[in-house]
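Consider the two complexes below, in which chain A is the common component and chain B and chain C are the respective partners.
What follows is the complex of A and B.
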């Protein structure tokens, strides 16, 4: 049997990375910072976004793309808190969003009328770390009910994130969660990580989260201005 | 968990390299997988064996080399060239 050998040498993630670069370029041109929210299931991504949409909806024009393995439940929950379009991506079994899905969702959004974009990834602390979506920053959430050692158990996700949000802090009196130990693990994994503590239910810490979002919107606007005047 | 997505992307790269009409002729897909690539090699191999054994492929098999680093790459393809030789 004559066999032909074809040299390929192609990185498997090349296509996704190209699409992610195009998404990033589109967002930077529009001056829209995108936050890729990642966590294990049940950490409170949707709850934090619900509260953020409710509290900042009059101040910032926020767009949301949600990813779920099945159902558009999260998108429906979020749509109750905003008049703006919430894009639901059902991955049909895939454990992460990819750049193609985000690019297609962006096409439905009016970026000229958007101040910031949230991408709520599939609940999973492993796979989404490997897929660039074209976001400006990864924000990793973990709740006080999960145990403080998440950063050392899933280091890649925490290494790639710029910000860690510790959620459900209203439950701290009731669970054996050592906050100092959690902070130590976070900074051992990623010394540059910004850490924000919130209770979306009780409201504690939300102002820090909102200030962080406002600052990123201001930076993106300034970058856009310099991009267009250069 | 995401090995199936990666396996499907490898199949797409294979199709791009050999063309959609020659997928049945693919007999070997060579891969370099870095030990830091966040891929469980056994899982990836299992997914690829399943995909390459069925349509539109049929008789392909993965040959995976574990490497240092985080590279994840299709290195080569081997194709039965009997039809082209005749």
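What follows is the complex of A and C.
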């Protein structure tokens, strides 16, 4: 029985990887970088996206696909901050988005009118690590209220991410969170990880986050040009 | 393929339910109430347990089984606060504990010398809702830094819990958390839920949590007596 379980799981994962490759190809052709945002529930993914939509909305055309287990609460929150389409995916109990759901959401978007795509995954530090969505980069968030050892406790997620965003830094004076210890755990788990500190509430550090997004948009555009020239 | 996947999953779940029933029977025979603690990563399960072991250690004999995806960090933290056995289960990537793991951990404990058992589940608000561990009650934690809508976003977990513990209340002055809204969402999701507010750091509310534990220990002892008399 355990062997059979693994076989079925492997077939499902292989199919997901095929669909993710198709999503990635579509996004690269369009020159749209996609960010797969992962974190615990309550780390502040939606809050960071709200602020980003509000602050960069005039500069970049941002699309959002947001996944939730049962509600569309996050999609409704985000829709208040943009006049662009916010796609809600309800996973009906599943602890992650999959590539099929993202592919179907993409079909509703006009990628020619999109500069970047956010995929807000289900709040979970385990399952989404195993599911490729065709994104350019995984961005893992964790807040200063959560404890510094999240990277070593959930290493797969932090190994697969390009960028870690430490959120809610405005609460640092009130919580027993050692930033140096957090940095050391992040570096031990993934030496290549870009680390950005933000407070979406207070605004501190957001410029670093925005610069990172801008640079990724520029890279994706340049790569599309070379793709279409070649 | 999807149908087969469900069949395999159902067999795995059925086997888990059988093992959970055996665990529950063993615990009831011994008169030991078991609390399955579930939450997001970083909600403060380990911190609450540390404080509980320190404060009630002279009064109650508490055993702990703690599950983690990759590390034994939580077990090591807890072991500093008790001279009793703390059982670490590493789930190797799985997003929840299962009844087999708890059953094996129980075999290492002397239940005759135990007043209550804490099972600290993997930090996750989705997967652990589906896996019965043989516990007497599920206790779901969420912190005031996480947002009030966790109960409606992860309803299955809150429906299955007997008790919700709202943690880190010392941070209430610094976060946009509306306690009345949280209570309303909790009540909508599960009208029978017992709600306890605590700050493990500051100490506020801990007496309510301890009274709840004491009352459950007394009930379990009384039930064991009637079981053995009958």
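Everything below uses one rule, namely that the second predicted complex is superposed on the first by the 218 of 230 C-alpha atoms of A that agree within 3 Å, B and C clash if a C-alpha of one lies under 4 Å from a C-alpha of the other, contacts with A are read in each partner's own complex, and residues count from 1 in each chain.
One rule holds for everything that comes next: a residue touches a chain if its C-beta (ideal position, glycine included) is under 8 Å from a C-beta of that chain, and two chains touch if they have at least 3 such contacts.
Not measured: the values here are computed from a predicted model.
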Inset, instruction - Using the superposition on chain A described above, determine whether A:142 touches chain B (first), chain C (second), both, or neither. - result: second
Legend entry - Partner contacting more residues of chain A (chain B vs chain C): C
Inset, instruction - For A:42, decide between first (touching chain B), second (touching chain C), both and neither. - result: second
Inset, instruction - Using the superposition on chain A described above, determine whether A:98 touches chain B (first), chain C (second), both, or neither. - result: first
Legend entry - Which superposed partner A:11 touches (first chain B, second chain C, both, neither): both
Inset, instruction - Could you say whether A:171 touches chain B, chain C, both of them, or neither, answering first, second, both or neither? - result: second
Inset, instruction - Quick one: classify A:124 as touching chain B (first), chain C (second), both or neither. - result: both
Inset, instruction - Answer with first, second, both or neither: which of chain B and chain C does A:150 touch in the superposed model? - result: second
Inset, instruction - Under the contact definition given at the top, report the residues of chain A touching chain B in one complex and chain C in the other. - result: 1, 4-5, 8, 11-12, 94-95, 124, 126-127, 156
Legend entry - Touching residues (chain side chain C, partner chain A) in the complex: 1, 4-5, 8, 11-12, 40-43, 68-71, 73, 93-95, 122-127, 142-143, 145-147, 149-150, 152-156, 168, 170-171, 174-176, 201
Legend entry - Of chain A, residues touching chain B in the complex: 1-13, 15-16, 94-96, 98, 124, 126-127, 129-131, 156
Legend entry - Residue ranges of chain B touching chain A (in the complex, touch as defined): 1-2, 4-6, 9-10, 12-13, 17-18, 27, 30, 38, 71-82, 84-85
